[in-house]
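Per-chain residue numbering starts at 1, and chain names A, B and C are given in the order in which the chains are listed.
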Amino acid sequence: MSILVLLLITGVGLGALYFLVASGLSLIYGLMGVLNFAHGSFLTLAGFIGWEVGRRVGDGTWGGLLVGMLVGVVVGALVAALTELVFIRPLYERHIEQVLVTVGLGLASVALFEGIWGTDPIQIRLPAWLGETTDVLGANIPNDRWLLIGCAILVLALIVLFLQRTSYGLVIRAGVENRTMVTALGIDVRRAFTIVFAIGGAAAGLGGVLASVYYGQVSAHQGTSLLIFAFIVTVIGGLGSLTGAAIASVLVAVIQQLANFYGGWGDFAVVLALALVLLFRPTGLMGKVKH
Amino acid sequence: MRTFLHSRWGKLAIGAGVVAIAAILPLLDIRIPGVLPGPTYTPGTLSMLAYAMLIAALALSYHLIFGVAGMLSFGHAMFFAAGAYGLGILLSLLAPTGMPPEAVFLLAIALTLVLALVLGGLVGALALRVTGISFAMVTLAFAQAANVLIRRNTAGLTGGEEGVRIETDVVPELLVGVVNTRNLYWLALGILVLVYLACLWLERSRLGHVVAAARENELRVTVLGLRPYRVRLFVFAAAAVLGAIAGMGFMLLQSSATPRISTADFTLTLLVIVVLGGVGYRWGAIVGGIVYTLLDQRLADLASAAWIQGLPDVLRIPLSEPLFLLGMLFVLVVMFAPGGIVGLAHRVSRRRGGARDATRPEALQDVEA
Amino acid sequence: MTPILAVRGLSARIAGQQVVEAASFEVTEHGVTALLGRNGAGKTSTIKAILGLTERSGEVTFAGDRIDRLMTHRIVQRGIAYVPEDREVFSQLTVEENLRLAERGGAPRRAIVGELFPELLERAKQQAGTLSGGQQQMVSLSRALMNDNRLLLVDEPTKGLAPRIVGTVTKALEAAAEHTPMLLVEQNLQVVRALAHTVVVLSGGRVVHTGPAAAFLDSELVHRHLGVATEEEAA
């Protein structure tokens, strides 16, 4: 029983990390029809810079970590918005080229990160509490999971509020459903593109700092490996659906944790889940978007 | 002259000429400083050129999927790895059986081909049930699963991170060792020509036309009573087998294989190569493959050059990362030269001919869902 | 009359296929110009090409300015409203959100919605996807009519609607046409007869006839260009 609780809560914690990456991917794909292969790089860069700033503020302290998280959010948002403006916008409505450009940026940026921070992971110091555990129904849950889960819930709430309450949110919701008609109402949908990139980048940036908390290290490849799972989450959840991304994040991570514990085949279980979903429900769990 | 060069026989003559020149390179003493590491007869240079040609062959097989059929697959590295690992593992499994080495070698090759065909057929059959980005994701997921299998030293066969070494006892002597690099070079050239001819035949066949038509307009093909699913599956499986052939050549050339060749990054490299060369052009895949490999090698040497090491960090770090430079080059090509190298060449020659302007390659127009 | 919209040699392509070939015609500054033709003649594609929603080439001049190189939202911002075929309301958004999204600068006349389609006001908070086809068409029309427009592009507004709703929609269009010129694609020839003063007839992506509406509708050209099926639908 306590094992199951541990696996479930740990799974939800990992799912929180997946969600921070997948939410942006899903929004960007939903609105723009672009699968963003550079998304992992937003995460990695924010993770590195958040750590660099955080440790100067206070290595291993809460202050340092919080400043790092804030820096991660800002770096993620800025880099993502810049990517959209410089590389994606000139290729307006040429989706394959847009995907290819993000592929190139993804490859190039990882190489650059390796050049700057080296190929080996760097161990980082964290506030002591995060390394301790809390007893829940007899299971010792690592405390960093609470931080991850809390942040993901906050991000989900903020994105939902933004989408529901602001005029840009309205444009984005409409655009996910029918981008062409939005432009035919006289709205410059490209501005919404920059905004979803910034939002997705901010979430991924926070994810980058939290990934370093989860793994206890920063590395040039952190984003790439998370990105693949985030892709799978996005497809399972239904491309373009934020709710779908949230549900699928938790589902995929929990399945992965359970399968890893009972037989060590977590990655296969995830691939299997993807294959099953696509075969029986090709649009994903919550997907309706058809571009 | 111009008309002759563009005629069927002219093209054949050019092709034969290029192959002939490539074939006699190991007998010549050509030095291209900055491009080749040494004279063309030295094993180091030959081995690098052979590697470049195998990558070109692999890129050609990927061209069938991406350029011809318009399917964005992120799993093609899986088939290259299947060829390399398949051959390596089967050789070491069959070696102790006591069969004559020649028989072991041929049997291993035959079984690897069957393996690639089955794998390509299965993955294709599942992945092709969806299209567009979902197809890309399924192929990525399968490739990822294959990568994990290989990395984990599954059943004690794949050797984990160490990879697999080839069992040289059962490989024909002509293909073993540095002294025989020349033969391996010819083998690589042969594989490239073989894959090229297979692509040519496939693209010219009725099937090739149907699959290309389905790329442009799926509905119209369906209305004509043709099933895009089957022809796509055939092309996918054929590309898998051709990719595996390149993988076997790689195994013989390098005498070992590591999990690197099964990663998603490796497939992305193929995508970069095909786009760099020019999507939709057979020659694009070849030129892209060779240019990319040479650049990759030379840029790595450049990184250790003294004048680079003396630069301030802001310049030194980007310049010492070949993949950074190649990635950015790729981005620039996508943004400003959509036809890639071959597309640019076409545009230049057409402009000189004063005729039509080059248009964007059709394959890029719409591959998405 | 000077034209508000002049189309010269307009061609459009969809998925690499030519669907409109060198079409030339004008929309007059007042009243309704109807764009007719059989299914697949290129009517919808022509409208989309004017709006920049398909790959296009040729000249489109609106109120004296070339608009054929502009992006869609810029064209619309110049005062061209679009009522698409199949309505294309945002089904996940509420009626109110659909209308709010369509407000374009200036002073949108929300009151007009209440005048034309009072039942929409009662359904302001309802998801547009749950509305009937007729109600969705009212949302789609309201999105266009509540702004200050200099031209309306209306694509098959009565398609698939119940006769009672066809009447409502026709009345709304008639009222709009009093102060705003309109290019109307319509299969229902009774509606065309009621609204249009000029017809432009397309066949195989080309303009095959242009002239006064009444004369065209009374001539045998109707059979030749629109076929029997259309005639039956109109009856």
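What we mean here is this: a residue touches a chain if its C-beta (ideal position, glycine included) is under 8 Å from a C-beta of that chain, and two chains touch if they have at least 3 such contacts.
Owing to the predicted nature of the structure, the values given are computational and were not obtained by experimental measurement.
A.B. asks: In terms of C-beta pairs in contact, which of B-C and A-C ranks higher?
C.D. replies: More C-beta contacts join the chains of A-C.
A.B. asks: By mean C-alpha coordinates, which chain is most distant from subunit B?
C.D. replies: Result for the farthest chain: C.
A.B. asks: Rounded to the nearest whole Å, what is the centre-to-centre distance of subunit A and subunit B, using the mean of the C-alpha atoms as each centre?
C.D. replies: About 32 Å separates the centre of subunit A from that of subunit B.
A.B. asks: Roughly how many whole angstrom separate the Cα centroids of subunit B and subunit C?
C.D. replies: The mean C-alpha positions of subunit B and subunit C differ by 51 Å.
A.B. asks: Report the inter-centroid distance (CA atoms only) between subunit A and subunit C in whole Å.
C.D. replies: The mean C-alpha positions of subunit A and subunit C differ by 42 Å.
A.B. asks: Residue numbers in subunit B touching 2 or more other chains?
C.D. replies: Counting only residues that touch two or more other chains, subunit B contributes 366.
A.B. asks: Would you pull the subunit C residues touching subunit B in the complex into a rising list?
C.D. replies: Residues of subunit C touching subunit B: 15-17.
A.B. asks: Mind listing the subunit A positions that touch subunit C in their complex?
C.D. replies: 167, 170-171, 173-174, 177-178, 180-189
A.B. asks: Provide the residue numbers of subunit B that touch subunit A in the complex, in ascending order.
C.D. replies: Those residues of subunit B that touch subunit A are 72, 126, 129-130, 133-134, 136-138, 140-142, 144-145, 148, 264-265, 268-269, 271-272, 275, 317-318, 320-328, 330-331, 334-335, 338, 364, 366-369.
A.B. asks: Contact residues on subunit B for subunit C in the complex?
C.D. replies: Listed in rising order, the residues are 216-217, 362, 365-366.
A.B. asks: Please output the residues of subunit A touching subunit B within their complex, sorted ascending.
C.D. replies: Listed in rising order, the residues of subunit A that touch subunit B are 29, 33, 35, 37, 87, 90-91, 94-97, 99-101, 103-112, 114-116, 224, 228, 231-232, 235, 239, 267-268, 270-271, 274-275, 278-279, 282, 290-291.
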